[in-house]
Amino acid sequence: MDIITLTTDFGFSEGYVGAMKGRILEILKKHNKDAKIIDISHEVRQFNIYHGAYVLLTSIPYFPPSVHIAVIDPTVGSERNSIVVETKNGHYLVGPDNGLFTYVVERLGIKRIIKIDESKYNPSSTFHGRDIYAVVGAEILINNDYEGEKLKSIVTLDNEKKRVIHIDRFGNIITNIKSSEIKFKYYEDVLIKIKTKNGDKIIKCKFVKSYFEGGDNFICLINSEGFLEISKFMDNASKLLGVDYLDEVEIINIL
Amino acid sequence: MDIITLTTDFGFSEGYVGAMKGRILEILKKHNKDAKIIDISHEVRQFNIYHGAYVLLTSIPYFPPSVHIAVIDPTVGSERNSIVVETKNGHYLVGPDNGLFTYVVERLGIKRIIKIDESKYNPSSTFHGRDIYAVVGAEILINNDYEGEKLKSIVTLDNEKKRVIHIDRFGNIITNIKSSEIKFKYYEDVLIKIKTKNGDKIIKCKFVKSYFEGGDNFICLINSEGFLEISKFMDNASKLLGVDYLDEVEIINIL
Amino acid sequence: MDIITLTTDFGFSEGYVGAMKGRILEILKKHNKDAKIIDISHEVRQFNIYHGAYVLLTSIPYFPPSVHIAVIDPTVGSERNSIVVETKNGHYLVGPDNGLFTYVVERLGIKRIIKIDESKYNPSSTFHGRDIYAVVGAEILINNDYEGEKLKSIVTLDNEKKRVIHIDRFGNIITNIKSSEIKFKYYEDVLIKIKTKNGDKIIKCKFVKSYFEGGDNFICLINSEGFLEISKFMDNASKLLGVDYLDEVEIINIL
């Protein structure tokens, strides 16, 4: 039971995802190899590498060792590299070297990084997902390995500053503040400052365990990935507060 | 060929669905077991248990005996139970006990209900889909069974009053009036009253067999599930009429 | 490893896709047959046969010989035929005979066309995807063939006039002008006229290889399918220009 997953910003309204699946299946068939193709997400916000990086972090670690293709690739056709990253626990990550794998390799550790020789695949200049990454993913499934020029490091997103790293479809605001950095206790009230485009917002939130505990108030909680998340039950916290990706976040007080 | 299906309101823009698939595959792999993971829907309207219940009704009965995980769970982390329902024809339904399975068990019949002992799974307080339901689903595939405390009944949605139980993406208004309750004949005109938030709407519709037969007029028809549906060809009946979930419906006259 | 793909305008918010998958799996199980069910797209714009035809063109040719079910079917229940088309390279296409297969058979060639005898399947009048096409698709997988009345031709979309045949989710405007018809060279500026509902638009675009090369200007490029596409990097060209499906396109000058 081999597994290959797909994460893209292509949406499910186009033929792009189908073309990638077709390529993978065509190569597998030629080599008489079977594998499961698993959709992780195709609705990553267009060109949003942060969003993609968070989706990968919140899904890949739960898989058994697998091949994961990720294509959020605003500068396809430019000089950015294409890479295969093998993690310490045996996952293969395939995609553009643009920061997309920052969070997941932070968690899983890097065993090796291989630069994909794009010219080998004779790609179109606009669709490397189909012409390179799908083919590379299938080749890894067939060979249980991938060979090529080794790189020493990958491009990474700045993950030092405390800030908003994701806004989910429910409008929940996810920060890169981890549970280990938190000093307040359950059911205490906390003041959190977020620097938005329209000025600083100071939010009073109760620190709770579950979404429904906040009633009409803003809440914060440690989400299922261990990050501090600001939320409002059955409402859209991000829209209410005008908060966006990469806004800086600061815990200013425990009340 | 074992089958496990997923129905959620998580959307395809997040890592949530991927995390559930990863957990399932990781457990299956550990037990050297193969199964198909099938997406039913991940775009159930957020927190809308009625919508979820209708999606399950309109899909599960067409499957061969399978495991079906459903997660529309606004009060995750509260005291609501988590359950496994075995239907009379051998389906296993896994999810929160909040009414989600009302319509599908009405149709398929209940063989037994088992309360999931959540503490066994050491879940996060916000993501039982990944931490409990995915694991329980995989366990059922492996053991062909699920053991635990038996319950006598499940939470059910009120399905007695005649009303709107679903509005589909095309704006078609689906009621819980069944074909057996209908006295009018094809191509008769019917007056239907719907109590909306903005007052009663009296709709004159022709009773037809296919959507295209109405031209510019409202139509009603027995949909592919046997329910009375109010619709307008190539238009959005629900928006035109201001009709919402749970609005009461009454057939007031056959013209 | 047999493959059956699904392309619909049903969306992922309904039970429709699940019902089709259930029917397929139920029939396969009965015949002790295994196959992969692959989602190509379920977000084709509602009733938009042009959109569906383009999605099929951009995905099906990359698959190994497979069964492909496509349901964009505004006039379900009318007199339009249902068909199975076998392509020269061994794909089976299953769906309504309404033009949906125009582009893909133009590329792959037709071996034979079989009219589906709908009455054999006792379908509901509103959901042939589940009641006919899913069943026919499964039957093809089981029998490696499909028998029935032969037709001489299928309904086709007009593909002679040069025009907009698709607008993708990024707002890129895809025309049916092929790379072989283009006389300009890379990095030349081109004037393109599009007849929109709000009058003619004359667009100056640089002819580039990759999206990112245009900066703030409109660009045109040969997309990964070999069609001329008008685009703006990180912006929505179709919205900016007010361009819609089927608007006529003319290259008026090379600057």
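All chains are identified by letter, namely A, B and C, in their written order; residue positions are counted from 1 within each chain.
Everything that follows uses one rule, which is that a contact is a pair of C-beta atoms (placed from the backbone, for glycine too) under 8 Å apart; a residue touches a chain by one contact, two chains touch by 3 or more.
As the structure is a prediction and not an experimental result, all values here were calculated from the model.
Colleague: For copies subunit A and subunit B, work out whether under half or over half of the interface numbers are shared, and give different or same accordingly.
Modeller: different
Colleague: Mind checking the rotation angle between the two copies, subunit A and subunit C? C-alpha superposition, nearest 5 degrees is fine.
Modeller: 120
Colleague: Using CA atom averages as chain centres, what separation in Å is found between subunit A and subunit B?
Modeller: Distance between chain centres: 30 Å.
Colleague: Listing for subunit A: what residues touch at least two other chains?
Modeller: 12, 39
Colleague: With touch defined as at the start, can you tell me which subunit C residues reach subunit B in the complex?
Modeller: Interface residues on subunit C, with respect to subunit B: 10-23, 25-26, 28-30, 34, 37, 39, 46-47, 74-78, 124-127, 130-131.
Colleague: So in the complex, which bits of subunit A are touching subunit B?
Modeller: Listed in rising order, the residues of subunit A that touch subunit B are 1, 3, 5, 7, 12, 36, 38-45, 51, 54-64, 66, 168-170, 209-213, 221, 223-224, 234.
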